[in-house]
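Each of the two complexes below includes chain A, the first together with chain B, the second together with chain C.
And then the complex of A and B:
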């Protein structure tokens, strides 16, 4: 790589002389020219004008040039980005090159970051063949059953939930009192991505375990119409809600938000019923798959786990051994074992335990284990939150005549959840990522799908790209969730109110 | 003021470990009476009024409030009935921060008295007007000033239509300019037929509206007299000392 060479040159001819010069060490060989880095940069770029955004602009140009350099593989092109990076260095030279050690750190970290970046670009744009991901995109998102030519019609079952969730979701954004651009810009990018993913009809099929994995009978036009309908409805619901929340008072907005959260829970349950209604109709959970399955697992365990967590948290705080002992036992037991062990437990032991009463399929058993696991961690988080609720709250509620249960659910719990929200979301994200463990058990989640793709005839041994893609999916959702909580926290006023401290 | 007793205690004691905070308290409070409880810090004033709705269990003696004997054997429903008939106002307001002012006031009438939401909010609205801040109904407590919060707390207690109101230093956590607005509400309340027990350091209030002063010191009820006697001509040396210190 020419950059290492360049680095060496740089150290020998620029950095070292600079160092020596500053410490008044004269070495015969370099005595002739001992330029200071800042002077050099000033010499090179001093005449260029500065604008408010010149650094940002130069940065974007540098990135583009780097991409060009990587793409074109021309040797001179690899020096071009250095020119613009140099300009950025010149703009910030006061901070970056003020002392010799800072100069050294700047240049070293620049080259480390830069070579990582170049390597990543090479992987993403040159070495990888994203075709494998693109052609298998439906497979990765939905698993084999819904894209099989014979059973793929069942995919309609995802459309109504998609509509409902999108509307709820956009309405939720409408309740955050933010400028429209902050929603509309990401939303349009989201729309374009979806249109591209759904609309681009790549004709492809392959065989896997005798099951045909195909896009062949996939009708893009119909799906596009459905998608467009959903996206427009989402937009409308956002705009209406945004309009409405401007004139509503804070408490009414909070009320709407609670209704939205509740309705998303209900629609989730509705979605499960639509996927597998009682009776012979529908798609059995063992046929569900893909990233959607990971999301279903995560959301389902979230809903059930919340119930478990709340019960355990209060159980643990109870002074009655009947509640206290089992709660502590469950919490300590489940938190001390690795999740994989509990999943194995769900796979092999739970059927034997439950079968006479309830013939649980693998999906429900897995959700059950995730919910328990999540519930135990949540219980500990909530317990911490409950401890921060001032005792005066309990006294005031008691003095009004509220019963202990009413006090717990109406006074203490809401306050505990508010103060521990960041930790709760952190636990949610952890659980979402943990759902990838289910691929050990033959459940067709996103990771199982990616693991099977390299055995397709056309993509033999193409392991990396699907894995990177799925990792990216998980990252994107997790990152999005954590961004969302910061928003919600601001909205709750947690950052300035200081919890319940004032009362 | 009728001659009917509403609160009677006999030899009430409360201990925290080895320390005895109340050392045998005997009172007899008539319906509609305004009692002002005075005493130095740590004398057991708070402990005493907290025993009356069993926020603080007592370990000796007898307490009868509104005909209900309060002790370990009091049934849950009796206790609930009792507490809903006694309003309590705290020094630290203790409003519920996660719900609005209106909801703070309307919560207990719905959950304890079984009122409908509309009814409860109507009651709440009337009380907010009475304490002078109807325009704040949809705010959250944190957005209110201390004086406003305490007035909401009083309204919240009144929403249960209590027979007895207990105040534990309701103005001690307030900035001086806010004390008056809370005292005004209490003075207005005192004119109605409600029994009030007020722990306070506001001597003006004690003189003006108190029917009787109870002076506590070191867990004893040292002196019981009318405000005139207590402030001008106290019977006990310890009362004199106390008055000298604070006046």
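And then the complex of A and C:
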């Protein structure tokens, strides 16, 4: 519709009054015929009651209306979002339309936003066929091994870790002692999404032949019961922890949080052992796959890399050359090259180097390299944090009679981590995004799955939808983590108090 | 009573739970070191390592026994040492020495294993030979891109590597340039008073910052392939016959300085007049208390009158010779021999020497600026009774005419028929020497890197603007500056001070992220070297080249940025 419409609005109500104002032209007839956009908004909406919308609500309403406009293809429907925009603009007209140039900017940015949303909604709801993602959802999440009819039984190995992680996660939210709605609303959405993903339309039909190809031995009912159990357990753990933490003192809550973090680390290692126990049983890491594998890489590099990073950070700050020289060498070596180069190292050189001691497959080698890479970047971050810990802390701890190890681990490290936590989470996000590189090195991660789906017979050359879906998954997790960073900054009081912000 | 207390204390000091962690640690260490020592001694058996000429050998039958004994000895030594350190009776100096000795001994099995194992690998495995001779051999494949020079099938691999390095540098320079501009714009918009605009910028940042670069590159390449039409439609997709586009890339008209004499005349005119104007307008320095001879100002003996002129002449001379050599240097396949480096007639040597000279003279000039020798009058001094502004105008017009005369532009000529016959579109091509092209993979990588890096840079910009005190903005408002003046004169120059270190980080990330070119088929040096490994092995040597190249690039970027940082933070607030 509407580029011409916008052009008209521009010229009539923004550009023309602006020009007239600038050159002090007072043509009475012209002025009457083209009033300011603010006056027009006032004329149109002035007598309506002023409901105060929050920004989110207005956003959702305009999105819904835009969706309606895109879907229905009626001529009046495409003007509905404009009307809503006009009304919201009227409510905020003091901010959005105070000067001609500002109203110019407002209308321009609305135009960009509107066309972006129209494009996005058209892509999501009209152009694309999400069957390809929905029928391959288990393939994208778990890779080929676990949905194969012959080897799919091994999928039970994911359930105990899922239970444990959900319980720890919910308990962790319980310790924050925020209002219950803040957790329960997103949690219920999360539950519904999971139930929908697992339960609905589980069979795999070929719509070309009209016959059932294979349901890949997948029984939805059993999984649904297991899922319901996990979700209820998570809810119970949240409620219990929430009630408990209301009564407790702050240091006790902190203690519980530390225990939870440690137990999540331990249960991650337990999960790896459950997936691939020593011996012939279990699933070899090279058979793992899908988005879960990306998460395993990210979390594994975090868990192992944290140990490496702390050791390297203290080694680098040590005055003894035995510790100082190797840690500087390792840190600088790993930081000098990109991650792709180190994955090359994992692919070609690590097997030779470790062969008799550790006969690792490619997935374990990649976790190893990821952990070293993350550890080296973490060491540099932590070194910065350790430098900000005042020397008085060290002296006080020495005077109290703590041993050097105790001083490092109990006095200096917690303070360093506190100040650098946002940077650490930022590095975690970078690491999660970097796990998308591994598909190039023969590991079946989510991107490899998106590359292989278009070669299935039913979904030939439909390569956009899986790619968008996987990118959305990465985006969602990374966005959640980055929101977490700002929350942490606020909770710790680390956010900047400078204020040249509004310019 | 007191004695009982002491006894109790002593008993509780040596309980089992104190020993358990140390004991288990020592036991674990024993097993791990046993594995490594086993393999170490295996490498010391006779007829195993040729390079190693030891007076003793370990019999292969007794390897297990020897390693058991050695790891037991080391473990016991470690236990005793840890006990001694734990007791805390040693002086600090001795504690330090003790810790170092213990750490060395503890890591000895691992280090010796890696040392000997690498020797063993170098003896048996060709990929571990640290040998660059394979880079002199013919590569055996070809790459499609033709800038800056074509590669032939017989070319050595070094030449392919050069092409790769130039490609990566090209992409990174362009994307750093564009992403800085875009990032600063988005970062400033993010802080706009207009909520709609700031939300727009926020959506941009959230979108491009949190999606992996790999996915973005895929999206951009899919977008390129679907929106740009295939090569067979290239006849329809042009702009007046000057620009052509298809999904292979963009084609531009060919631009050449055909008449180099005029071109050089123009440049000599500009630079010569620059020297003359600087000479006439420089304010002479009175009562200069001459500082002592220093390395930063080796020409100080010439006096304050002549010294700046000589530096200016040096500057102009080196610029001219750089341009001269660039026009001749295009034979980039230069061999790094010592005699070749010194030969003066060779254009490559001229390029290297004159760029060194340029850097020197720029540094010298900065030093002169600092010492106050380069001060110029604002009033216009008449030259031959003529206003210098007019002379400048004349020189400008003259040099433009000269450059225009030296230029020759050619329209890209699409050949669609041969000897009167129509060719099928697969054989269409542009006539040699009439066009410049930018391949689509280059553009895909550049756009992807630009979007990703600009989102990161905008966060840096926003952070450093927000860190400024509010008083600065309030003061500038009360001075009556407009919002644009406020931004460009007050906020951004101050924010630049805290911005540059984080910007350097993002530029380094951009340089390293260019290695993702391999995913979309652009031949940067990483992609080319991986190909070399797949063809010819020698993974270790190639890996060393990869790391060294990335490190060299990082060093260059951080040196330049450090220099800028020093300049920016020279003035203390």
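The rule is short, and it goes like this: the second predicted complex is superposed on the first by the 434 of 503 C-alpha atoms of A that agree within 3 Å, B and C clash if a C-alpha of one lies under 4 Å from a C-alpha of the other, contacts with A are read in each partner's own complex, and residues count from 1 in each chain.
To be clear about the criterion, a residue touches a chain if its C-beta (ideal position, glycine included) is under 8 Å from a C-beta of that chain, and two chains touch if they have at least 3 such contacts.
Here the structure is a predicted model, which means the values were calculated and not measured.
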{"item": "Comparison of chain B and chain C by chain A residues contacted", "value": "C"}
{"item": "Which of chain B and chain C A:410 touches, first, second, both or neither", "value": "first"}
{"item": "Which superposed partner A:102 touches (first chain B, second chain C, both, neither)", "value": "second"}
{"item": "Partner chain in contact with A:75 - chain B first, chain C second, else both or neither", "value": "neither"}
{"item": "Chain B versus chain C as contact partner of A:92, first or second or both or neither", "value": "second"}
{"item": "Partner chain(s) touched by A:429 [first = chain B, second = chain C, both, neither]", "value": "second"}
{"item": "Chain B versus chain C as contact partner of A:251, first or second or both or neither", "value": "first"}
{"item": "Chain A residues contacted in one complex by chain B, in the other by chain C", "value": "403, 500, 502-503"}
{"item": "Chain A partner contacts - residues on chain C that touch it in the complex", "value": "35-36, 39, 88, 96, 99-100, 103-104, 113-114, 117-118, 121, 125, 127-128, 188, 191-197, 199-200, 203, 206-207, 209-215, 218-219, 222, 463, 465-470, 472-473, 483, 486-487, 491, 495, 512-513, 515-516, 518-519, 526, 530, 533, 539-540, 543, 546-547, 550-551, 554"}
{"item": "Chain A residues touching chain B - in the complex, by the definition given at the top", "value": "249-252, 390, 392-393, 395-403, 406, 410-411, 414-415, 418, 493, 497, 500, 502-503"}
{"item": "Of all residues in chain B, those that touch chain A in their complex", "value": "53, 55, 80-81, 83-84, 86-88, 90, 92-100, 103, 107-108, 111-112, 138-142, 149, 153, 156-157, 160"}
{"item": "Interfacial residue positions of chain A with respect to chain C in the complex", "value": "55, 92, 95-96, 102, 105-106, 109-110, 112-113, 116, 319-323, 333, 336-341, 344-345, 348-349, 352-353, 356-357, 403, 429, 433-434, 436-437, 440, 447, 463-464, 467, 470-471, 474-475, 478-479, 482, 496, 498-503"}
